[in-house]
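What follows is a pair of complexes built around chain A, which joins chain B in one and chain C in the other.
Up next, the complex of A and B:
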């Protein structure tokens, strides 16, 4: 059906991004395919990898002992997504990544954890790293007839997160996810600051000067919208990154 | 003069719902949102349509036990589900305990948004019977109220929580 109606069919996970845009005729599709009866609402651990199905909601992420122990960044991020308890119970992590509205929480956090994206399509299954899957704002690597069935992750027990938003109900202005790298380094993934996540690695995470220099020089095309100009996002990115590092390292606020 | 022809091309289907404990069959247009089916087909107008954007939560209902903004759901997607709307939150003519706490705390003015606040607080208290004010405010981040400034809503949530704890102690 997705193949037959390619370009005129949408896949809906939780629907929290898609449906308001369809209501406003910003997006128009004659066919909508809801994944909810495909049995994809599962979080499993297989061969040392954690797999999150396409229908897993944010509240499933928050309630998962498996994720709390093995991918702590995801529940840390899911706690504060835009839209409150209703959206944590409706919205799906995988759906948010597939929609790829850049100034949201999920794409940056999933990017920080090097997700592998499992895609189901007319020619069977294929898997692509998240860094290839996200192509541009609102654009992902899905071919005619394809949808994402799950995302897989290597365990990463530690994760720090910080975001800035200007009101309770606002989309994030900048997000930062911090995970440990080799030799005491820290890898920071900045979300919402460009159309694609921006990755920065710092050898000495407590060296604020190095961190600020790395972040500032990594941002070349900051995202501008009605909530914040790109120059503002670029200005605050280093501070948000530093707070994510401090969250990772347990530095008291 | 422009005339509007009836659009007989719109696909329809019949869905089955259990709404506030009662089995219902309703014929919908495939494109209809749950909020509009509740209000216009089932005439349950306590569920309000505010923003159609997922911001205000005036359209909050429970779907299979989980709270949801019904402007973000296609009615076709909830075929076979168990729904509870604000009309089903307490017996006809009575106030539920959270509603009573809202009443006692002057926690609403125009009342447009109240279904969303009641469901969000009910949902919070199920998992956290002794919330801090910060927990309550966090639980309301998906709800908008343009009258109250939230202070009395937080008080009402705490009053409802306290009364529930007192009731447990006395049993």
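Up next, the complex of A and C:
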């Protein structure tokens, strides 16, 4: 069905991105395919991997004991989703990644956790690492007739997160997810700062100068929009990264 | 003036009322229905056979309309009619301005049709309207209309528009300036020149607007030739009826305008929009009722408050302002029939606010550009004068190292000569120092400063800011339908229930409850015995709707007068019945009784019923033999001076409330993000009739003031397209962005209104804006940084901090 109507059909998760844009005629589709009845609203643990189905909402993420102990970054991120309950009850993590609006929370956090994206399509199933799946702003590796059925993660019990935005209703301006790397290093994934997440690794997470240097030199094409120019995003990225590291390491503010 | 004697609202001059004190004051009537979504708003109106309209809007900021081809749109099944500007011009006269600059002495003006004719001057200007059997079909048909444009050069910034070579919006004007509006007193130049200290600043206020929760909308039904019914989300239904009659050449009494319950108006829903008459024309053409509802993106086109103020001032070592000059350029977007440009004029008039400085020269220059027009916006320009004046106070404070509160105390106008002429205004009453004193105690200002000192020791950027404002209310424009008085009909039914019909409308503030409350008190009956009718020209007496605190000043007075006339008739009847003197009869507790004889008592219901059924024998006095229990009265404040005095002064505002606010912010020095930690305010709107509603007005105004100073912004790109088309780009404050407001009132009654009220609609905007601006500057002052560019967005604040760092560490 998706193949037949390719270009004129949209897959809807929670609809929190799609439907307002369709209402305002920014996006127009004659067919909307809702995944709701495919039984994809599940968070499971198999073979040492955590799998999050396409219909799992932010509330499901927030309430999942499995995620809290194995992928703490995701509920940490979901807590601050803009829009309050109306969005967290309805919006889906997978849907947000598929829409790939860069200045949102989900793409950066999922990128930080090295998600594997499971895709269902006319030629069967395939899996793509998140770093390949996200191609550009609003562009992901989905071919005609395909949709994402779930995302899989290796457990990562700890994660630090920081988001800067102007006000409650604002899109994220810069997000940073920090996860431990080998040998005491920390890997920081900056979201909303460019069209694709930006990854920076620091060996000594407490070396602020080095952290700032690494972040500043990693940002080459910062995202600009009506809320903030790219120069502002570049200016604050290092501070946001540091705060995510401090959140990870439990440094008191 | 009547001092209210009921236990729940004691008018006092010293003002010790505090928030929450008036717990026995009535809550909003029908508040449960509003809260649970059971009230009927404009979009809930559905009339049998109703069709839907959509507008084709200009994609260009400035272009000549070469041709409009609607053939393809008309061919779409379900499309009933496509109306263009030229055809509409043949059906209706131009849309009268809400406030025509041409009537204000030599200012430039223009006529505006129902839809654009010949030229478009802003992106979004309606060029054609489609009516179809569904909104979706109408919207689809809009995209099928082919408009050929010849694109003209456009101009978006006011300073650019003022250049001689700038593209001209209106060919018959000499330039793009509506006019130069002066407000001067004394000799500002000399005072500034001779002052011990001199300073200057450029303060800019960003384009933003009211964003009512409910957008505009209209349902017009002109199916039979001599009768129009129009449901309108409007503040002024009677005035709208008069305008429709004029535009359409129909007898006024054959037009009915109904304004259902409103989801906020804030001046945005003043009359003056072409869509008011457009839906009527579309109904006439289709022979069916037609509905048009504004989308949020359409609503966000309207602008307001985009000013650049260049300020120059002189002061002495004590911090006393000796003289000031302000040149304010307002980018009012394109002139339209809408209610916006006048905000430039009222802002100009508001100087010198609450301050005594008598040497000033203010010039406000409203300039047209190819941005969308301004609409009216609560505080109506007065907030600009207050923003500037209260920033001056803080700049003096910073320069001299004198506490900003002290600087204000040294500059306040005293109450001497009030009521009477003070500067350019006929002031009713005031105690400016009193309200600030009360605020400082109430908000524990000294404690805030101690907290700030502690925070600064930890390297935190905590700022405390004061703001003070004068908000002229109840404006009356001579020779216009903006008047100070209003009307009420009170009707006591045989069953003893009461209907109050008033020309005042409610934007959602609860003024209907206050008007009913005033009537209930006159009759000594419960509020729930009273029903209020508003916003229906067939059911309510002629009135001017809602603006500028008119409900508290005019609406209550007219209702009380009407109730008192009926009460007199009731007393006459009762006195004859009981054979006693009229003075011996009192109302209260739902009954009428005689003071001299406890056995003489009857319920209000019994009294009303008796008068209706039998009258009293043997008398021919009015109200006795006939059931004369209905009265219509017109009343309003008495402080207008439309004839210039010997100094040429006129006074067109009824009252002069004022408000002081203090705001505490913390600035994140690494990101520029501002957190508003505290906000307290003390206003003086004269006597408070119901502090529940006055408090709520203040909460909302402070929120709007804070929002416009920190977040709300309508930036344009270089092609003239507004970049904020939804509430994801236009950042309205949400509850979690705001602190728990603490408000209190000082009550200095007006001698010119029936109950000593002054109106509470605008207070909180100007003081809130100034307090936030001052607080943010106070917060970043230790870094040597300063910012005068509103909104104080995080990127701008961070830039200010960086600029200061580069100054000190080059």
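By our rule, the second predicted complex is superposed on the first by the 253 of 253 C-alpha atoms of A that agree within 3 Å, B and C clash if a C-alpha of one lies under 4 Å from a C-alpha of the other, contacts with A are read in each partner's own complex, and residues count from 1 in each chain.
Following the convention adopted for this analysis, a contact is a pair of C-beta atoms (placed from the backbone, for glycine too) under 8 Å apart; a residue touches a chain by one contact, two chains touch by 3 or more.
Quick caveat: nothing in here was measured; it's all calculated off a predicted structure.
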Touching partner for A:232 - first (chain B), second (chain C), both, neither: second
Partner chain(s) touched by A:116 [first = chain B, second = chain C, both, neither]: neither
Contacts of A:128 with chain B and chain C, given as first, second, both or neither: neither
Chain B versus chain C as contact partner of A:87, first or second or both or neither: first
Partner chain in contact with A:34 - chain B first, chain C second, else both or neither: first
Partner chain in contact with A:169 - chain B first, chain C second, else both or neither: both
Partner chain in contact with A:20 - chain B first, chain C second, else both or neither: both
Which of chain B and chain C A:137 touches, first, second, both or neither: neither
Which of chain B and chain C A:199 touches, first, second, both or neither: neither
Overlapping contact positions on chain A, where the chain C interface meets the chain B interface: 20, 24, 168-169
Residue ranges of chain B touching chain A (in the complex, touch as defined): 33, 52-55, 57, 60, 66-69, 71-74, 76-77, 116, 119-120, 123-124, 139-144
Residues of chain A that touch chain B when the two form their complex: 12, 14-16, 19-20, 23-24, 32, 34, 36, 59, 83-87, 89-90, 168-169
Residues on chain C engaged by chain A in the complex (per definition of touch): 139, 295, 297, 670-673, 710-711, 715, 723-729, 731-737, 793-795, 798, 802
Residues of chain A defined as touching chain C within the complex: 20, 24-25, 164-171, 173, 226-229, 231-232, 235-236, 239-240
